[in-house]
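Each chain carries a letter (A, B, C and D) given by its place in the written order, and its residues are counted from 1.
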């Protein structure tokens, strides 16, 4: 997968964030409401443990004659059977429990780091032995082991208990760290560090370890909770030193003095609640870490429903074309990521027309909005992506056009695949790994043609597979049993199963080798001849498009900046960007021209200056380029360009 | 084309790399299934020249680069630098080796550690190889490196983290880091394939300039044979772990000999070919390297395969000075058949001028 | 299938490791069971009875290696020795008497919590950003509550004050253990509260990872593609998103069986449930070495067995594990 | 005192565990037939998985529920609440001869085993030979030379040394088993005795780990007894037992509510009663080998500084009355044994006297308010098993009280096992301990003072863990055992009381009690403070006496 592909396929704003914004977004997960709540709660406990006993100057062990007093101003949490102050006990208990938790977590983390990092980095036999050890400890039930170990201990002080807990609690972290280390070890920067001549120990400590911060932190917090809970359990059972005031110890005394039976809830409830709350606090922090590690978990503010299921309501669509050969028409489409005013305009007023049976190529680099366009056309945008305005009209054969963006969920389901199918670039990711090809092909038949019998479905599956050159016996194969090329063929077969009018190909061959790519392209073109569907072909590879497309639209910064027939565009590109692109790839034949490429970097959509977005990289820019946004205007028939250099200023006829 | 008569900067002979499939089972059973990632690869890199290694993914070209960089131990073969054989994958000897042979990776986003600053990345090789004595010297050296890769003003980049930069900028930094050790040999593993089309050329031109100005010997690994034609003096084509054809780039692209090279060229995107589908007979895929085909590894897909191709691996045949291939079609032993040698496919053989 | 063979080999190794660990722990730790029993019966046993007890329990000095061999030989015959606490009842009898209680209670509770948690996780993931998200903090809170504390409160309120449920035990003492309706309904009644606390306390452990995996999976291409195919939301949710998102949960399920059996120690003690966790506790406070070891081993073996069964399920769910690799 | 401790441990253990075995809801019990004799619901600790009725094994169900004597009876029953108070049981008479080296029992006529066979001297001889042969069964350490049966109703035991003090163990604690059942048993130490044949008032009916049911023995030798049809022993958790007691589902329990609910229990129903007679002494045990506890004034100062009433109130839930006499004698049980010269001598809390004692011994207060001598402050560690809730409480109070007289005490809770090892080997400063309990005050004194129960630090001491070593005292102990007459024994006892008063080897604190709660709804005739014919707790050997006194309520 190329960088463009990644950047463009993931419906997230620009791949290269700018400094400030990115640092913020990097830690966005940690600033969520949940995480903050967790941090505040945890902070309160830490403060209570650290300073509580200093301010609440009562001796937790001091006896008094105030027996079993409910909470009062003298004893905020009430008193015990022997007149001890429960708040004082809880405060000291906070300290002790946290200490036990943190000590156990530190020990367990050190142990799991040692084992996990070594196993993951060194690999080989060391790895196998270490992971076997971790797995064995993981399978052996922890609490019974702790109970048994504690049963043998003569002294059951907090430290001893912490050591025992860490002995049983390290394996989970070790396992995760090993997996993480393995995956980081395969990353190029580790290879690069080795290639620089770094020593292994330095690589482990300075290259790998910092990248595991989130996982280490997460497993550290998890272990604290585990240790506090386990210590509480042991103390409650009387298997740990109950003369030190840990939360479990308080519960032990409360329980043995029949606190609940005598209605002394103030004695029994606070310690348990403390344990639950600190566990919750750490879990909430862990949510943030999870979201930090896996940004997909972040719940976007933009309501999921609005972007995905609700039809566009803003701005009336412009009347659709009346031309009969049109099958799909995109009119003034705007797609934003995020909400105004900070929204990123990924697709910014795109107009496109797809005629029946034609191949329309859409070329663009990362951040050009070409994949977003594909997702918008198929209404597959996920939050924070949202179609803000515009229309996408589809012409069923011989019928009135319908606006895809205004379809109800049921209409949309019926429209999808039957009329418009899509092929994504990564075949491996596009196929459901746990279902056979047959099931995955047949289920669209089941959904759209409920009347079909199983035999008919099977026959159709075999038919389309044969069509794309897949042996019929592969129908019962799982995706992982196929090569990359075969998977891509399977996807194409799947797309054709309902004979759609439009096929959207989003970088369908980028991940494949040149030879296989060529085979598959030929196959698609042959099928188009045969079946007559129209193709929207989205790619960053202009040279390929010129070969296969009838017409090409070139996108830059969310806009179409030039469109025309493939041959004309190749012969005489009019936009400086198109021209630059065409001089950016080496040719196989002909003289070796001097190739310059385009200076600068593709735009970051969040920081677009007014005027022509290409202006900063344009060698031919004139003064007005920094202020005036050029419109897409026809130059010759069927050829439109959005560049101030090619258009008279007064021309406002921007229609297709 | 400069042909250097001095000792090659790097010479590799008969490189073999097998990766075991399963360690434990292998130990238990005493027999190991291995991936024959690289088999009998020899190449020569000369100072001031670019050698391209072209092939599909999985053909072993990246493995060759890592073998040369000393990142993997060799299963067999020798590597010599400046005439002296090297065999070290650890310790002082290894560091001495990597000081002379540096590598640029494919993925600029992945080859820089996200938790370290740019300055850190550039400082490390200087420290590891003892090239900068003090803080000021280190800083001066890093600034100079950034300027060398046209990242100016350099100061603006030093404190940044990788995620704050674009792919093109990152790749330049990766190059700067590789240059920090003042290497003799630069191994560039698909250095531009993950970058945007519009900035690829800038980077390739930078590399070409560095090769000239610093007298580097560069191995340029790519799947894009057209770029090899533009940037490399010599091009080698790899298929399924073996180099099957090599020669001066222009010669190789215009007059491909091996059926696979011909297939590769016919498959490559070519706007000049617009509207005409190239004849493509092949629908096969590269073989498994765990059990590679006997004989010539291309024979299952080769339209010209003969009996001998299925049993014996072809030797090297020199077609013209510097242009050689490994194919029975051109072998002296099968001289009789040369008459039937395939004409390169029509699209590839005709020269199109725009 | 190689995958299963490999797992099986792993379980064998783990079983052996557990056996050995089990052998070593008591011998590396200080403590003297006869002395412990003496202190337990302090006052009623004449101190001179120490010798009697030592003789009775057959505690003697042998080399570690020969003890280890005897230990393994005895175990292979299913002989775990005689329990000290319930002398002279064989440990195996004590265990068999309680094992089924635990397996049924914990087994059902675990499955119920897995099913409910996973289902809620699927829905919460599918409808993320909606009100279902509130499930997260709520269940997290419940999962952080100490089992025993929660159990005691529930027990005190529902059984003690309201007398809705039995106070403790696994069945009414007046019934004999058989498959009569009276016995089964009594056993069910006694299992409700302990089962419920296990379910409530462990549900978040399934819900949250499942929800996270759902959210992650939902942006995977194949789910997007399934939607593009015009499949019904239900089918996309279950066959595409959930079907894949559940795989890590199933893998965790195998791990978590250990934790659940562990957690059940406290639950059983709190509810006076006649299960193996309760026995383990008895064994520990009485320094009943043979019983402790036997129970620890049995728990480990049951966990291993459950893990293996879960592996079978995993193979069934994930075709990729069936491949030669 | 021993028994109380065992029970407290058991209570606490159950409390911690919340359940030993499991509980039954008594409301599910099948209703008793109208007009028949009552059934008693009794709480206990629950048994193991197997029906084990071997009376010798401490792990058997009979011992777990302390129901041994309901089936297997001893030769003599003792009322431990009153010195010298005995009930002839299977033996109607016993005599010492040959300088207390020969003991002769006359057995009761007409006693039958529950299978109908006659009870004879052969059974008694067999029983004693059995425990002699199998050391594992001899849990009370009975030590004799020979046992023989001159005739059907006579048993003669001989001893090497005067064995007067063994009477309680031999006659009171050894359950007599039948020769015809037990002679066929290959290894009685591993015998489960699933169908016990005894002479007692009850026979075994059913068993599961949650419930032991004994039913009336129609062949019992006391005609018309028992007037109770059935005993249901429930294995209940501490919680459950409390709840069921309050709701009237239990008739008899060894129980205490920690928090004033005892009153609530009594107020709830006129049939509800509790009676906690003292049966032992809990003492603060100073390690006599450790300085400064080796100095008598220090021990005396500690004793003077303690407010025993507060220890009782706060540490012992008000149930364990403070010890009043410095002789350590269990009063009023052993009133008759008290040396008249100590009759009016009582322990008084006197902090001034404590300080005076310390200063008299050369101690001075240091800056932190602690007495020191030669620069060494009195800083002691009080080691207690952390599982003994009341002891832990009391220890905290003791530490606070001693602090006020300039003695620093740190409480250290350890595991039960660790505690018994430390104490046995003398690795402690201060600890708490309970006295040995038997039918005579001598048992306690012997436990405390006998040098043969002690040993040097590092080797195991049994009961004289404070390691008091005094030849004169040793002679008094020997005198008592070989005295031969009651008067001589009494003299020796007075001497031992003097040792306690003068030398303060240990510091008595409070009396331990037998917990008993019972209901007179179904049956009457329970022992009370007014009629202390036996301790009221269901777990004492005297429980059989109690059951046989019960009559159906009107």
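The criterion applied here is as follows: a contact is a pair of C-beta atoms (placed from the backbone, for glycine too) under 8 Å apart; a residue touches a chain by one contact, two chains touch by 3 or more.
The chain lineup, named per UniProt: A = Oligopeptide/dipeptide ABC transporter ATP-binding protein; B = Peptide/nickel transport system ATP-binding protein; C = Peptide/nickel transport system permease protein; D = Peptide/nickel transport system substrate-binding protein.
The model shown is predicted, which means the values in this text are computed figures rather than measured ones.
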Chain whose Cα centroid lies nearest the overall Cα centroid: C
Chain whose Cα centroid lies at the greatest distance from that of subunit C: B
Pair sharing more residue contacts (C-beta pairs) when A-D is set against A-C: A-C
Centre-of-Cα separation between subunit D and subunit A, whole angstrom: 70
Computed distance of Cα centres, subunit C from subunit A, in Å: 35
Interchain centroid distance [CA atoms averaged], subunit C/subunit D, Å: 40
Inter-chain centre distance, subunit B versus subunit D - centres from mean C-alpha coordinates, in Å: 90
Overlap residues in subunit D, where contacts from two or more other chains coincide: 16-18, 239, 243, 417, 421
Where subunit B touches two or more other chains at once, by residue number: none
For subunit A, residues that touch 2 or more chains besides their own: 153-154, 236-238, 255, 261
Contact pairs between chains, per stated definition: A-B, A-C, A-D, C-D
Contact set on subunit B toward subunit A in their complex: 23-24, 56-57, 66, 69-71, 94-95, 98-99, 102-103, 105-116, 124-125, 128-129, 160, 163-169, 174, 177-178, 181, 193-202, 205, 223-227, 229-231, 250, 253-254, 263-275, 277-278, 280, 282-283, 285-286, 348, 350-354
For the subunit A and subunit D complex, residues of the former touching the latter: 61-63, 65, 67-68, 81-83, 153-156, 236-238, 241-243, 252-253, 255-258, 261-262, 264
Sites on subunit D touched by subunit C in the complex: 1-6, 9, 13, 16-25, 28-30, 47-50, 52, 57-59, 135-141, 169, 189-192, 208-211, 234, 236-237, 239-240, 243-244, 416-417, 419-421, 424, 434, 436-437, 453, 462-463
Complex contact set, residues of subunit C against subunit D: 31-32, 35-49, 51-53, 55-56, 82-89, 93-94, 97-98, 152, 155-156, 160, 166-174, 176-177, 186, 269-274, 278, 281-282, 285, 287
Subunit C-touching residues of subunit A, taken from the complex the two chains share: 34, 132, 135-136, 138-145, 147-154, 172, 225, 229, 232-233, 236-239, 248, 251, 255, 260-261, 268-269, 271-272, 275-280, 282-284, 287, 290, 294, 296-297, 299-300, 303-304, 378, 380, 382-383, 412-418, 421-422, 424, 426, 429-436, 443-444, 447-448, 478, 480-481, 494
